[in-house]
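Below is one structure, written out as structure tokens, with a few remarks after it.
To keep things simple, chains are lettered A, B, C, D and E as they appear, and every chain counts its residues starting from 1.
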């Protein structure tokens, strides 16, 4: 095999192998999603403070116009993704919590057809960071950490490595894979930009072995680059988690409660790197992203470049669904959030929209969980080596405070424990509740 | 025989004396000052360990009272009598704390507010709220899984057939555990003698409310306007009642288009009677 | 030497004070809710038992026997034990206040812990000498502690179990004790050889 | 109306009933061996025991107003294991009382499946053992090939010869006694391995038990640490004390205990380290009881004893959480 | 009024089933019905006498040394019972063994002294003692009968050659019931069921 000379790495503790379902969309090239009639743009699509609204009801906005101003250090700008009229600025239910959102009705024309391309090499580090900041880029893997903040670690932390996360370990999702296949050169350029900002020497690009074409493509492309290495990884969920990826590639252990920069590493997602390049070269704000739309009941499964704020109802209209929808999941099936309304919008961190049929949805019914039989399958599956069994039992008994003694805060909510649990216990639910209620 | 009696008495007496001396010396040697007040207070406290005071059980509160100088009015089930007795021990003055009861501020029963989906998870409001953001069309309304009823140590809250909690005012001691348990902050502690309540907490306005709930407060503000903001004023699309300023003009309440304002006539008359 | 070992093992496991002699059940049920307080209680009992065995032996040997006052043994023994317990209480209160708080009302309970008086009386019944009495007392204390710790760890786990409401607390504790006692029963044959 | 639930939204195929029914399948070879060697009465005992267990589970479930969980098969397992742990000649009320005790008191009173502290089948066995010691220690020699023809007839009566178990012989007469009983050493190993020796009906045939254990290990329903450390400890102690390790491995209920009862999820520790300690403890107590105890057999007691210690082990042997300094 | 003091010990405040006091002798001597009765009689005597004496002397005893004084009083009566039984029913005395002197530390007696006799008058204390003692005897005998039937297949009500032994036919006794495990399990189940009855 062509990659046989390489050492296939992975993280050691825990992990599961869910069925991949990537075949549904793996070969679907990225298609531009039609312009939606209406967008709902939440002003908080990131970790940290909600952006300050700059528009009010009745205002006219143009495409790429700043509508939410970054508020404080950990926060991000929000831009309009279509030109139009602000219909409302209202609290809306986004991913099951209430967020101040701007609703824009499509009106007027797209003025910004062609953006001017800059050269990035002459730009200074500060200038690059500023462009990233004003473009409102956040981590697009799901957590939504503001990228400009991530790329400027405290001076006492010495960063020596950049990890680019092309793992995409969640089943169904192929958006990063398609991006890697179709925008190889752009991503390499993006990596170089991030590398310059951080001033690191080595870059590792981690890709799982179920994306062999992408590994080969990058391998060929990067033969001339001596400092950017492609690292093939064994297929195992949750390898895309920051801490697991660092462990797999560098064998370094992020301390409990710490961040990757505590061990001299910055991890960045493929889609984020791509967005960084766009932001730096074209000064283009982050208003669209590639989203995998998949599911057995979806007629036109595929990878779509969708504008932020496009609602699920528009997506349903476009891709066509046959049969009743049982569940709509924003993100992957392991960690994605299940939405109750078709009015939920695509956000900067939405990597996939999955539609489950009624039958698929009903196969997971956590209201009929059984008692824990202490089979210790969850202990084996946990990538953090926690005791999910105890956490679930304490959660069941509503002893939220006691959960802290079992390292509740270290749980990454990857769902491996619930996935393997023969009693089908909603362990992640109790952990989430514990985190919220024990504070 | 007499000798035996004397010997027995002497030995027991001698032993007693000997051990008494040892203990006396030991008591001097290992002297610790144990505050007898802790024990006294523990006896006064109701001993149901409800935790409303924020300390681990009644003994925890007793200890904290003596050692950390905390507020003496924290024991809600014990109410003013306990407070007075603690005050007597601690040499503090009693603060007059009016007795409270829990009030559920939602009218969105199962026929009024639709569910947005079939929630497949642990039947608990807080888990439903935290994991799927609740499964009711109204983002403010009662989820109806009964966390408040489950947490009540006095059996004072019951889930009705309408899937709303109902408070038994006779049993409620105002401990406030239900307030903490409710993930949507629908339950409020109110003065036992209050007579005017807004039974909705939706901060939405107008059509946003009526779309999901026919009975909820639409934030029209008629009540406040009719009363000239005396006793009722609007805040975040919700009327706020101030019982001190309220002059007894109930027309505002009667004008409410959704009849979400509850007015307890007996209690009002009782209070008016008292004032006169 | 082996003789003395057998006394300890016998008192601790084979004729476990709690599980086969039924001595010291009140604190066994009362203090076995939490493991750390069980440990503290166990240590206190070991200490009291050993010393009480020695002192009661001496009183019996040098005071009651010479003057034919055997009928005073119950009274005098209980006096000794009461004193000793009060003494230990003072020491723990001074040196380890947190332990004292968690043991709470159970420290004075050692006085009325029949394990202590029982060990003293058994020593007399078995005609043990001074060393044997001390070892028997020590072994009994160890046995009590072992049973207490096992029970406490099981009960802590049982806190999180859905035991039927009527059986929570003492009833289920007795049933656990029954099963533990079944297990200890099988040690019976070991010394017989 | 969509369905709403917390993540993950997909699930592996694992389920409690799948585990339990696989476990029952794994017990089938041993059941077949029990009927082969001890005749239809063994089957009757098993049926009675399982029926009592299932009925007790149902009734107690109704009384305690629990969700009835018969379909998960755990009661069937308990019933089967109770029967497996009895000599073929016991009166029928023994498995009935045993199964009732195991399910009603040791399992349901502690909260039912997942909450019991002690293995119900083992506790039941020990209970009836002390209740009816003579009946529980009367052993019958297995049927010869010719005697097996009686399988067809329902009027099977206990007229086979009463003997002692290999362990009892070893205890009383030593190795020499065993050799006179079985002829040669290899013959003894062969008989013990196949199960042609007196003993509890389900424990004699190491071959059948190992077949089942292989299935459980392959399907990852049980894990290596407990059985391996258990057997290894037994072998080690045998070697140190100058006993025949193969004899001790094959005789008594060791294989049954190590693979099917010590590995019980609910009553054994959860972490690998804890499991190893648990197995070592089982092996230690087993050998102390076999070599020094008053009763010839020690597997049930040792596992039950370690069950009592499991909460302590779980408390002190936790997995090191990644990133947390200890 | 007095009836109430007498009857409460039987059921509502039964020392074993409700207050859970004095469990050690309950478990240890409940192997034969007659042992239960014998132990019960001894406890009734000690409890009643010490209750009366303590309620008589309660006003003269300084608070600090009240517990030691109570113990001395109780120990005296226990010694009397011990010697009386040794003289008249040596067989029973031998079977009950050290549990006779251990009545001293039986929580019922000290508990009643502290909780009742030290506060109430002589007559009330007397009836309380008898009531509580009877309740103790009743529960103890109940447990003993259950254990003896299941564990030995008999009911022994024979003392000093008088009385009779009932044998239950067609019962293969479970020896374990008269061994310690049987005692623990029986009392556990009885306490559980009495809790169920209490709730009703």
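One rule holds in what follows: contacts are C-beta pairs under 8 Å (C-beta built on N, C-alpha and C of every residue); 3 or more make two chains touch, one makes a residue touch a chain.
Since we're looking at a predicted model, the values are computed, not measured.
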Message = Please report the minimal path length, in steps, between chain A and chain B on the chain touch graph.
response = 1
Note = Busiest interface, judged by C-beta pairs in contact, is A-D
Query = Cα centroid separation between chain A and chain E, in whole Å?
reply = 71
Inquiry  = Report the inter-centroid distance (CA atoms only) between chain A and chain D in whole Å.
reply    = 49
Inquiry  = Counting only Cα atoms for the centres, state how far chain B is from chain C in Å.
reply    = 44
Ask   = Where the CA atoms of chain C average out and where those of chain E average out, how many Å apart are those spots?
value = 21
Task = For chain E, jot down the residues that touch at least 2 other chains.
result = 68, 72, 176, 179, 181, 185, 189, 192
Query = What parts of chain D, by residue number, touch at least two of the other chains?
reply = 2-6, 105, 109, 111-112, 115, 127, 130
Chain B, residues touching no fewer than two other chains = 12, 16, 116-117, 119-121, 127, 131-132, 135
Contacting residues of chain D [partner chain E, same complex] = 91, 93, 97, 105, 109, 127, 130-133, 135
Query = For the complex, which residues does chain A have touching chain D?
reply = 13, 16, 18-19, 171, 243, 247, 253-258, 325-329, 333-340, 354, 356, 358, 361-366, 370-377, 379, 383-387, 389, 407, 410, 413, 415, 418-424, 426, 428-429, 432
Sites on chain C touched by chain A in the complex = 159-160, 162
Touch list for chain E against partner chain D, complex = 172, 174-177, 179, 181, 185, 189, 192
Message = If we count contacts the way the header does, which residues on chain B are in touch with chain A in the complex?
response = 116-117, 119-124, 126-127, 130-135, 139, 203-204, 208
